[in-house]
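Handing you a structure now.
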Amino acid sequence: MSELSQITAPAPTADAVSVSPHGGTALGPSFDEGSLVRPAAVEASDLVIAAADGSLLVHGVSVSVRPGEALGIVGESGSGKTLTCRALLGILPPGLSVTGGTVRVDGVDLTGAGEREWRDVRGTRIGAVFQDPASYLNPAMPIGAQLEETLRVTARVPRRQARERARELLDDLGIRRVDLVLRQRVAHLSGGMLQRVLIAMALAADPAVLIADEATTALDVTVQAELLDLLGRLRAERGLALVLVSHDLAVVAQVCERVQVFRDGRVVEAGATSRVLRAPGHPYTRELLRAHAAYGLERFLA
Amino acid sequence: MNTVSRLWRSGWTVRLALLILLAVATLAVAGPAIAPQDPLAQDAASALQEPSWAHLLGTDYLGRDVLSRLFAGAPASLLSALAAAAIGLVLGALPGALSAFVPRVGEWLALRVVDALLALPFILFAIVFAALLGNGLPQATLAIGILVAPGFFRIARAATLRVRDSPYIDAATYLGASAWWVLSRHVWRQVAPNLVVAAVSALGGALLAVASLTFLGIGVQPPAPTWGGMLSSDLGYLGQRPWGPLAPALAIVVTVGALNVVADAARDVLGADAPARQKEAVRV
Amino acid sequence: MTIVTAEAPPAPAIGAEPRVRSAVPVLRTVLATLATAVAVFLLATFATFALGAASGSNPAAVALGEVATQADIDRLNHQFGLDRPFLVRYLDWIAGAVTGQLGTSWFTGIPVADSIAQAFPVSLSIAAGATIIALVGGFAGGVLAAVTRGGVVDRLITLLSTVAATVPAFVAAIGLILLFAYAIPLFPVAGYTPPDKSVGAWLLCLVLPSAALSLDAGADIARQLRTSLVGTLGENFIVGARVHGLGPARIVFRHALPIASGPALSTLGVHAPRLVGGAVITEVIFGMPGLGQLANRSALQGDVPVVQGVLLVTIAVIVAVGAVLNLVISRAGGTERSAA
């Protein structure tokens, strides 16, 4: 538990995010109390998702993220965390539907909204990146063309400026030899590179919230660390709210100041990360922490 | 027969198709015998009549009973379609299976030969073949059989390749199985269902081809009736008898449709994984 | 903050154009396709020539009929060069074909190339018309069925496709004649008007035969496109595009369709032989003086040079079309995954 307890130690007077790779100084508060009275950047209240045959997959889940805040969502596969995120984007798989509760994105009520209303919101108010970045890009088009398309269509950037803007975005995200990268297709780029491009596309229209669903899971540990740093920087620069979904508690602990634990389609625990990690209330959370500790890296370093 | 009972149980469309095929098969064997009237008896006075109690499907331009002609013409069309499919099966399946075991060059050549056969315009070639080698139904049947063979070749080859590359063949060989044993047991089991399905749909395609050829006048010795030939003569009298072509056309389409339905169902029942339709080789 | 370098493929020089580097595999594909096409062409024409040689027909029998004596047969055989060895004749024929010499008709004495040149545009018009109708109809039907998957429109289109695939061209042709000659006289049902006489009349007389011929190919294209489009629309990158705010029309037409079209286009390639050379029945029914009718008539007359010439031209077109389609499809591919 040594590494995790390092993170949960009370911070001195930090009022900026100090993020560092595993085993550094603690997180400070990263949102001002005033944000508590602002509307949530995205929220679901008592969300119920049912399958076509009526069986419930998500039983009344409530999730909310305030502007600039980072929320972590942890749980095993099948716990309903991905479905909830998809409901927040309006992309539930065919056959599944929201049968109860409400969904609001940046103040807009989208419960039972049609595709057109969702399209107005996607990319402009809420963005997302997922696991396996290679599969989320068109394999037959150069990625530059895809990024420019998003810029033109969603961010309404005029055609002439789109190429320049794409360069700026990729440069800002830490990619060198941007022109070369823009010309490449999916098959010639690494996972870390592709995920950066996808983050660029997700943030092209400057949304208020970014959902990262297992976004670093399939990548090398070093690349993962770089991407988490990147997300932290973007939060600080743009006031971006973040929903970080992961089965890896350490990842969530590093970035998020609030966490919710999902199990079997329900939220079994929610609260400030430091509190949840130090004093878990629910037996399932305790199990999770135990498992992380038992199979964590500290065992071999001690 | 086990297969047939499984087919029977797989849905009402299949059942209907099987019954149709049973009726058609009866016609193929006993058509002329069950014809109510003499298919060749002309009666100029009652030519081009609508269906009536005397002539259930009406009469054609020479006063002949259409229904009887339909029955009498069945064997020619159906049996030569059957023969063509059989020829295709024999000519195509064995080389196809063997092609998986020959060295690279031979394989490439065999594949090019198959491509060449597939590149030949089907009906055109069949017409030319039949016409140049004697304008008879046997020649037409042979032509169709040859042109259908590539389809069987590909299916047998694909199935054999799948078997050849699977580990249990290696295992069998290590355990001392001979090539013949491997072929007859494993390859056959994998290939047979695909071939059966292909044969059924090839039968449908061959029937269409035979009908087309007889329509054009190949392989037909008037006044003997054939389904295609009936269509051709009906075409000339569309003005007086617009519903004329319906009888032979329906006979052809319904039979081919039933064969396709059975082929699709057989694919599911037998677990064959090749596409059910032999679209490549056998289209008119 | 760490900086990530571009993971470019092994490049000889900085800034080298990726396109130049990938020219070699493209060239290899082109050469392979060409080699296959030439091999297929030679094999098919050899079979054609052998058929003619085996037919037992000879110029004397065709030109003079039953009064031909053995002397006549020998004389005309020699005149047409038929007493030479088989292979010599075949090579001579192929060599001549490349330069446009296809021999002379035994029946009329007219150079075969001329008769073909006259009949070719007719068949080409019908085949082109059928291809266009099949492509447009097939793609429209396939896209509609895929995007309304499971709905009424989808089921209707699937039903229509099945019917269209089962109904053979000549039955469809007869049906069309009944519909448009007797019920609603809109299109001519027989005869051909060349475009230099009247483009309007030319187009009109093509409608029915092309429609009849296109049914089978159109149905197959629609079914194939539906299947592959449904598959492509289920891929992750479609979800990605949706999440980035792209609209359904753009997603379907700019992203999904180009990728899903491959199998549908190769279906067209499979149908090409039929569309090009198999229009015989349609030509006969609609009274079009095309290659099919020419071959049919000549075959029944035993006029071997004409038959061989028609088959050669048809085979050449089919092989060429097949090769082009293969190249187009191999270029439209490219669904490789990421390097990492």
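All chains are identified by letter, namely A, B and C, in their written order; residue positions are counted from 1 within each chain.
Keep this in mind: a residue touches a chain if its C-beta (ideal position, glycine included) is under 8 Å from a C-beta of that chain, and two chains touch if they have at least 3 such contacts.
What you see is a predicted model, and the numbers here were worked out from it, not measured in a lab.
Asks: Which label fits the chain touch graph of this model best, line, ring, star, complete or other?
Replies: Shape of the chain contacts: a line, open at both ends.
Asks: By CA centroids, point me to the most central chain in this structure.
Replies: Most central by this criterion: C.
Asks: Would you mind checking which chain's C-alpha centre is most distant from the centre of subunit A?
Replies: Most distant chain from subunit A: B.
Asks: Based only on mean CA positions, could you tell me how far subunit B sits from subunit C in angstrom?
Replies: The computed centroid separation for subunit B versus subunit C comes out at 23 Å.
Asks: At what distance in angstrom does the C-alpha mean of subunit B lie from that of subunit A?
Replies: From the centre of subunit A to the centre of subunit B is 60 Å.
Asks: Measuring from the mean C-alpha position of subunit A to the mean C-alpha position of subunit C, what distance in angstrom results?
Replies: 52
Asks: Along subunit B, where are the residues that touch subunit C in the complex?
Replies: 112-113, 115-125, 127-129, 131-133, 135, 208, 211-212, 215-217, 231, 235, 238-239, 242, 245, 249, 252-253, 256-257, 260, 279-280, 283-284
Asks: Show which residues of subunit A lie in contact with subunit C when the two form their complex.
Replies: Touching subunit C from subunit A are residues 89, 91, 115, 119, 122-124, 127-128, 130, 132-141, 149-150, 153-154, 174-178, 180-181, 183-194, 196, 198, 201-202, 204-205, 219, 226, 229-230, 233.
Asks: Which of the residues in subunit C end up touching subunit B in this complex?
Replies: So the residues of subunit C touching subunit B come out as 36, 39-41, 43-44, 47-48, 51-52, 54-57, 166-171, 174, 177-178, 181-182, 216, 220, 270-271, 273-274, 276-278, 280-281, 284-285, 291-292, 295-296, 299-300, 302, 304, 307, 310-311, 314-315, 318-319, 322.
Asks: For a test of understanding, state which residues of subunit C touch subunit A in their complex under the given definition.
Replies: Against subunit A, subunit C makes touches at 1-9, 15, 18, 235-237, 239-248, 250, 254-255, 258-259, 332, 334-340.
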